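Two complexes follow with chain A in common, the first pairing it with chain B and the second with chain C.
== the complex of A and B ==
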């Protein structure tokens, strides 16, 4: 038992930190709440550093709790990814605190609990752990989304997310039940061993289809994307950021593990379906983003489109595809955090995030305007920024497999078309900042120093991932290659 | 015997579940809640047939008992009169039936293709049931369930502990969302 706890030490630390924040609220005066957020962010930073410790990384490729919990390079990558996202979102939340009107420390604690759920999901090697960690994430987000009770929009977003989230959980658990009924086991390792028989069974396929539907909801892939725009727009902005980055990445780590390493044969069988889902997601997101005037809604549709691009990595069914997903997600994390932070800073006073609110930002705060330009350019996928390199890798991974399959070429065409369309609406943001019709407000935007540091780090990371891709590419490859090896192991008859 | 009981419980469960959401005679939410009790009890009957006695008892204690009392409390506190007057929406009913029908057809065809379309006779099911009766009962007993949940070897303790965090989150969240406006 004691050895097994070493495997879950990071998750336990994060959950315990959440409890400490909840308790700390009782003993600290109102004025110290801000400090609580920064302390929590600092502690997460410490956990992040601890994840590089020899005694922890030495456990890699091990399994605990009877094979339910798997700690491999992929899980490590995603745990660090989630921790980084958590740190940024905590700093963001402290800056956002005054707009929450009370319950700040609970808000911080909930971010930490959701984070621990995501970290468990990164290691899920069993359907029971998969379902429980997904539920921990989703239930926490129901509350995080509807946290601003004084805003009708936030409550509406919460109710919509609750109902559609419950439906998707029903899909997921129904699918898991069918898979269990057919395989007699919830463990991914058992499924991997028995996949040859299972693929013959249509009940198993039916169950996996439901599981895919449940996960597609989390990553907001077509046709399960309807919730995203309303929820992204209505939720408090730090929640939106965490939802767009963390929840989506959690969905992807599970998709990679399930469809990349447990039943790769099934993925090959479903290539057509996956291509259709990816292409429609890209088209839907990009085309619906065109007429949007609300910045958060615009980024929601762009998030749908990005889920489509990321699905291309699953479609590619190769280590390169997985590595490309990891690289793209890393760039996406920094870009979205920076973009949402700037949107929050500029629209801090007053209601709504209409695109007119950022008019003339280049006059008010040239630095913020420049950072937002970098985000828009990176999201649009223009060299030399992180978004370009990520999209390039994704397209390359699909193109490498494309020969002899017309579907792959169609998907590539759709992806390129999507990029061209997206340039139009991303540049709408830049145009509003630099060439405004009229500038309603001339005062510069005040930015607190922790937020300034976080923004600076994000911008640096966007540039780093775009300009010097060698090292991060290596990390992504390490994380993805282990995945490939484990599926090769499964194919090995001696096992 | 088991086949007959299964048909009774399953039919009752489906029928009363239908009456929970779409009762053509009575739109009173309290009636719906009471039909939900019937559904829960029928499902616990199914659990007994599967040999999961502990689950059956918990189903009645927790769902048919505690949760339903809570439901009734909320319904009566909120006094949902408008819900009672609302008519069934025929269009959405038809759409829902179509969706469920399509899903059922796909599911049925997948079962047929996997197991062959002839349904096994009741005797065959009973024979198979008797042959495997012992292990099934061992799985469903309280002792086996406790060992499955808490023994460190098979690992279900981890999801179990995560559920406790989940429940904490849900509890704190409900209090946060439903308390009076601060200040």
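== the complex of A and C ==
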């Protein structure tokens, strides 16, 4: 038992940190609450460094708790990814504190609890852990989304997320029940051995379809994307960031593990379905983003489109596809954190995030305007930034498999069309900043130094991932390759 | 006469369908929430039945997880609906329309 706890040490540290934040809130004066957030962010940074320790990485490719918790390179990659996202979101949340109106420590603690859920999801190797970690994320997000109880929009977003999230959970558990009935086990390892014989069983196929629906809700893929625009717009901005980056990545790590490694033959059988979902998600997100005036809503639709691009990596069904997803997600993390932080800073006074409010930002704060330009250009997929290289890898991974399958070519055409359409609305943001009709406010935007550091790091990372892709490409390949090997190992004895 | 697995699954499928129908057609948040609980419990019935006919207790353990999670979800969800009701004096879905394109 003691040995097994070594596997979950990072998750336990994060959850304990959340409890410490709640306890610290009792003993600290009101004025010190802000410092609590920075201390928590620093502690997360320490956990991030601890994840590189020899004694922890040495556990890689091990399993704990009867095989329900698997620690491999893919899980390690995503744990570090989530920790980085958590650090940025905590710094962001401290900056956002006065708009929350009370309960800042609780807000920080819930971010940490959701983070531990995501880290568990990265290691889920069993349907029970998959379900519990997904629910830990979702239930804490109900609270995080509706945290600004004085704002009607925040409450409304919370209720919408609650109802639709609960429906998706119901589909997920019903799917798990059907799969369990056919496969006779909840363990992914057993399912990996058994699924080839179950491909004819309708009960099994329905079950996997329901599980896919539950996960597609998390990543906001078509047709489970209806919640995203309202929830992104209504939620407090740090929550929106965490939802767009962390929750989506949690959905993707489970999709990669389940459809990439556990049931590859089912994925091959469903290639047509996956192509259709990816293509429709790209089209829906990009076309609906065109008329948007609210910046958070615009980024919500762009987030839907990006979920479609990321699904291309699943469609490719290869190690390159998985590596491309990881690379794209890393670029997406830094881009979205920077974009949402700038939107928050500029719209801090007053209500709403209409695009007119960033008018003339190039004169007010040239640095912020330049950073937002980098974000928009990276999201649009223009070289030489992180977003371009990620999209390039995704397209390449699909193109490598495309011969002899018209569906793949259709998907590639849709993806390229989507990129072209997206350039229009991303450049709408840039136009609003640099060529405004009228500038309502001329005063420069004040930025606290921790936020400044976080923004600087994000911009540096966007440039680094775009200009020097060799090293991060290696990390992504290592994380993706282990996954492929583990499925090959399990497949060998059968052949 | 011992009920068969198919009969259990029919009950659970019917519960799931009734719950889904309730979520789609009813307009009151509390009723929608009740229907959601029905959907979760449909999965519980299926899991227990499958567990018994598979001779594998994993499914029954899973049911405990689902019940616990559903309780947490209800605690958060009802608090949210109450907060909304205090603000708007309504629990109808049609009134949730402050955010539109």
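The criterion applied here is as follows: the second predicted complex is superposed on the first by the 493 of 495 C-alpha atoms of A that agree within 3 Å, B and C clash if a C-alpha of one lies under 4 Å from a C-alpha of the other, contacts with A are read in each partner's own complex, and residues count from 1 in each chain.
The working rule: a residue touches a chain if its C-beta (ideal position, glycine included) is under 8 Å from a C-beta of that chain, and two chains touch if they have at least 3 such contacts.
Source: prediction; values computed, not measured.
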item: Which superposed partner A:276 touches (first chain B, second chain C, both, neither); value: neither
item: First (chain B), second (chain C), both or neither touched by A:116; value: first
item: Which superposed partner A:135 touches (first chain B, second chain C, both, neither); value: both
item: First (chain B), second (chain C), both or neither touched by A:410; value: neither
item: Contacts of A:160 with chain B and chain C, given as first, second, both or neither; value: second
item: First, second, both or neither for A:50, with chain B first and chain C second; value: neither
item: Partner chain in contact with A:67 - chain B first, chain C second, else both or neither; value: first
item: Partner chain in contact with A:59 - chain B first, chain C second, else both or neither; value: neither
item: First (chain B), second (chain C), both or neither touched by A:20; value: neither
item: Overlap of chain C and chain B interfaces on chain A (superposed complexes); value: 128, 131-132, 135, 139, 142-143, 146, 149, 158
item: Complex contacts: residues of chain A adjacent to chain C; value: 127-128, 131-132, 135, 139, 142-143, 146, 149, 152-153, 155-160, 162-163, 166-167, 169-170, 173-174, 176-178, 180-181, 184-186, 229-230, 233-234, 291-292, 297
item: Complex contacts: residues of chain A adjacent to chain B; value: 1, 4, 8, 15, 22, 64-69, 101-103, 106, 109-110, 113, 116-117, 120, 126, 128-129, 131-133, 135-136, 139-140, 142-143, 146-147, 149-150, 158, 182, 200-203, 205-206
item: Touch list for chain C against partner chain A, complex; value: 5, 9, 12, 16, 19-20, 23, 29, 32-33, 36, 39-40, 42-43, 46-47, 49-51, 53-54, 56, 58-59, 61-62, 65-66, 69, 72-73, 76-77, 80-81, 83-84, 87-88, 96, 98-99, 101
item: Footprint of chain A on chain B - complex, ascending; value: 106-107, 109-111, 113-114, 152-159, 162-163, 165-166, 168-170, 172-173, 176-177, 181-183
